[in-house]
Structure formats: structure tokens, C-alpha cells
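Down below is the structure, laid out as C-alpha cells.
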């Protein structure tokens, strides 16, 4: 997905950074399709393929796994996660680079 | 006589304000607005479990932090008299009725405050029924 | 984005104010999100369900004990209200025990409603102590429960939980 | 507005409103508003021992934000109609969201 | 990169998250609520706040036993249920494994 150019952890992946608009939701649509982890501020984490996101930070994932402190608790197929205002959502975008995952953390400033 | 009208009448009178956090403020109301923001003077602030007291010459309270206010009984009587007088003046000069039920409906009141249980305008698309992260509808 | 969608206008005949209008000048029970129970006469309200209550008492109830504090005039901010209940008026003069007897006498008693435990009035200090115990062990239980719930993948509402 | 209209079709039906503090109140749905605040008549608390403070209350106004569930009589609800109305509302919202 | 696979019909493509919920209308879904509850039922209505109406609902409530402070579950049934959206965390359509 991203080529190997040096990236600061918070910058969007290289090949999509040419989308100039810095509107956060436009940025989020760049990462659809990637494998993401959505961590709710209660500590529960949902990992899966990001189908889509909307302005309320509602999130649709495929092949979802529910983790608590790194331990797998539940598995679901498709999942809709409500973008609660009370839930700060961190999306880690796993970027395959040299065969290992690198985490780019995208703080949610929308919620 | 609307709640905010009673609040306006309480200006200059002592009152107790309890915040959502449980802290209470005892002081004289200096000023207030349509969002229930208040300024108080000669204030005694008490923490939520009532163990610590602070003296503040003056303080500003944001409306959405307020749980409730307690005002002396006489303020309600004063407010009612003022209300009657207004009605009499109107009847005498038979202007269109200024106060009363329909005025409350025509103005949509303040703009902000998503956690208030309100519509945008009174007939807006159903306002911030849920506090969805500060987004407007 | 403010839009007064014309199709909405006729349908909104039910509004918050319309629901409270027939409670004005009536004796009401108002339960707040922090668990407080206020009993007073509703003098006015607005479209946000802010309430003006007169001759209000605060009733603290713990298990089957209660105690009342005279409080006077309140302006309650609507978003803190859980529910507003219209009280069968003569309750307040008689208190719950007598109310029960009265109901049986007037054979208005609801047959299948087992006789609710009449509340016993106690002193303020006694009720404050009982209330503090109730709050303390509720908090302790909630802490242990929440940590177990998070362990199995539940998301706990981290905002200060309401106590009503 | 979908659920506001839906609840208006249930006026005068017997429902049970379950609050987020686990208290449940049975009563006749008398009115509802756009924030889904609910008014019930002839109320009775499901667990009177635990919640004695409503023993002398005959009707209540409950704020929408404290409601967890409303248990409804199944027979009265036309589920097919409800699904169509839901699709219409979703479509109208999608077009509105598009316009934001 | 919306999935372009078999679903050519416009309304079966998930272009926004709530479409996933729309595709589950009249299907049994699993809903996880804040705190200590899960519900399974047939979905008949939803809106952008995630208010829901479900039928033939089975609710699982996790309660803590008083003595041994261990988590136990109780099952509750409901013929027709309105669920207020602000407590909804997650909705999973029927393909759930």
C-alpha cells in the first residue's frame, strides 16, 4: 500500500497524501479498505477491514475481532460501530511495510 | 412567568446554585442571560461533599453546568406582581399581547447548547436529541 | 444547518411544553439525575422543561426509611430531570402509611398490588448516614463489576454515572 | 422524526418503559414529543419495593434521555410498514447528509 | 474502494456505515449496548441516532452476584422492543460467525 518513503507517524500514507483537502473525514475515506483497529475509550479494541466511515465517526468493519488488552474476546462478521460522542476513537492504520505491520495512529478529532 | 423570567427577577437577591458536579455556590445574582449563564457576587463555594468552603468576591457560572437554583420565596412573589403589572399595562394600552404563551413559541431562543433538550428552531429537524459530539443538525 | 422542513410543521403538535401544561399548579414529584426527589408545586416551565417549583420539600428515601427537608422555591434545569410525576394529592397530608389505610378504607386498594412497604419517617441524621452507606457500597460494587465487564469486552460509559 | 411518528401510533397502548437506572414503569402511553420524552398515565412501578417513591404517583412525564427500552405490544406494530418508513428516512437522510 | 463485487444494485453497496444496518432490516441482528447488555432480535427500524425497534428479542444481562461477586447472565424476552440509540455501541448483522 504505501511505498517506503519516510513518514512521520501522523502524516497520511504517501500515495494518498496528494489529496490536498485537510478535512478530517476526507482523510478518513483514504484509509477505507485498510486493516484498522478501533480503540474505544473504555479500552475495548475492534480490529477489522474498514468498510467506511461517516461524519459522526460511525464505522463499518468487516471480519471484526474484539480485543481487550490484546486478548481476543469475540469475533463478528460485518460490524457497525456507533461513533458515540463519549467514545474517543483511535484508529490505528496498519500499513504493511517490509512484511511487518507498522502502526500509524490517527487521533480522532471529530468525535 | 417563565423560569428565565423568574431568574431575571432574582437579580440582586441571594440564591443557591448547585452545579452538576454537586458543588454549591451561595451568592447574590448580579446578571444572567438566556443560556442561564450567571454572574454572582459575595459567593461562598462549597465542594460536593460539603467539607471545604471558599470565599469568592465574584464568579461566573456557565449555564450548562447548573443542576438547579434555589431562590428566596419572596422573589417568586415579586416576579408574579411584576408579571401582573405588565399584563395590566398591556390591557390598558391594548397593544398585542407581548408576553404569555405564544411569545415563548415564536422565538427559537439561543443557538448553542447541544445538551439542552431542544429543537433547532422550535420546528427544526429535531435538535440535538442526542449529544452527538457537538455536531449540529 | 437550520432547516424548517415544511412537512414537519403540522406533525409537531406534541411538544415538551404541551405535555407539561396540564401539570401546572399541581403537586409534583420530580426525580433528578443525581437521585434527588423533590416534591413541590409546579408554577412554570419552558420548552427545555426547565421547571419552577414552589413550597418544595426534598425527600431522601433509603430502603424503607425517609426524611423530608423544607427547601422552598427551585428553578430546576430541564436536562437534570429524570421524571416528573403527578402526585395523588392527599398523599402529602397523610404520608404513605395513612395513604395505604385510606386506600383500603375507600376500597380503592389495587388487589394484586401487594401492599407496598409503608415508608417509615426517620431523623435527618439517620437518613444521611444510611444514604452515605448506600452510596459507598453501590460505588464499591460498581467498580468491581465494571472491571469484570471490561475484561469480557463490554464498553463502560466513562461519564459520571447517574445515581437516580 | 421516524420514531416520533412511530410512537404517536402507539398512543393509548399499554407499554413498559425501562429506565437506564433499571427501574421499569408500566402505564398507558399518553403522549410523546420530538425528543421522545414520554408521558404515561395510570402508572405502576414494576419493582415497588426497590422504587417506593412512585407509590403515590398516577401519571409521569419521563425524559427521553433516561430511557433504555420501551417494551411494546407486538400485535399493534406493523413491521413491514415500519421497515419501509425506515428505508425512506434513511434515503432522505443520505440526501441531506450529502448536502452538508 | 467500495466493494464492487456481486452487488450491482445501488442499494446493496455499503457506502456509509448505516447502510450496513439498513441491509439488516428484517434480519436477526446482534446489538451490544454500553454497560452490561447484549440483545438479539429481528430489526424493523433504525435512525441516525441508532434508535432501534426489534421483535422477538432476547436480552442478555450481565449481573454481579452479591456474595461471590462473580459475573452471571440472565436472559429476558421481549415481544417488541424500542431501544434508545445513545446506549448502542455495536450492531452486527446476521453474518456474525
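Each chain carries a letter (A, B, C, D and E) given by its place in the written order, and its residues are counted from 1.
By our rule, a contact is a pair of C-beta atoms (placed from the backbone, for glycine too) under 8 Å apart; a residue touches a chain by one contact, two chains touch by 3 or more.
By chain, with names taken from UniProt: A = Sm domain-containing protein; B = LSM complex subunit LSM4; C = U6 snRNA-associated Sm-like protein LSm1; D = LSM complex subunit LSm2; E = LSM complex subunit LSM3.
On a predicted model such as this, the values are computed, not experimentally measured, just so you know.
Across A-E and C-E, it is A-E that has more C-beta pairs touching. Of all the chains, the one whose CA centre sits at the greatest distance from that of chain C is A. Relative to chain B, the chain whose mean Cα position lies farthest away is A.
Chain A and chain C have centres, each the mean of its CA atoms, that are 42 Å apart.
Between the Cα centres of chain B and chain E there is a gap of 40 Å.
Put simply, the C-alpha centre of chain C and that of chain D have 18 angstrom between them. The multi-chain contact residues of chain C, meaning those touching 2 or more other chains, are 1, 8, 12, 15-16, 49, 78-79, 152, 154-157.
Multi-chain contact residues, meaning those touching two or more other chains, occur in chain B at positions 117-118, 125, 129-132. Among the residues of chain D, those touching two or more other chains are numbered 1, 4, 20, 34-37, 63-65, 97, 100. Residue ranges on chain C touching chain D, taken from their complex, read 1, 8, 11-12, 14-16, 18-20, 23, 29, 31, 33, 37, 49, 59, 61, 64, 78-79, 81-88, 91, 96, 99, 110, 113-114, 116-117, 119, 162, 164. In the complex of the two chains, the chain B residues touching chain C come out as 1-4, 6-7, 20, 22, 36, 63-64, 66-73, 75-76, 104-105, 109, 115-118, 120-125, 136-137. Remark: chain E residues 1-3, 14-21, 30, 34, 48, 50, 85-86, 88-93, 95-97 touch chain A in the complex. On chain A, the positions that touch chain E within their shared complex are 32-33, 40, 46, 51-54, 56, 58-60, 64, 75-82, 84, 87.
The part of chain E that touches chain C in the complex is made up of residues 32, 34-36, 62, 64, 69, 71, 87, 89.
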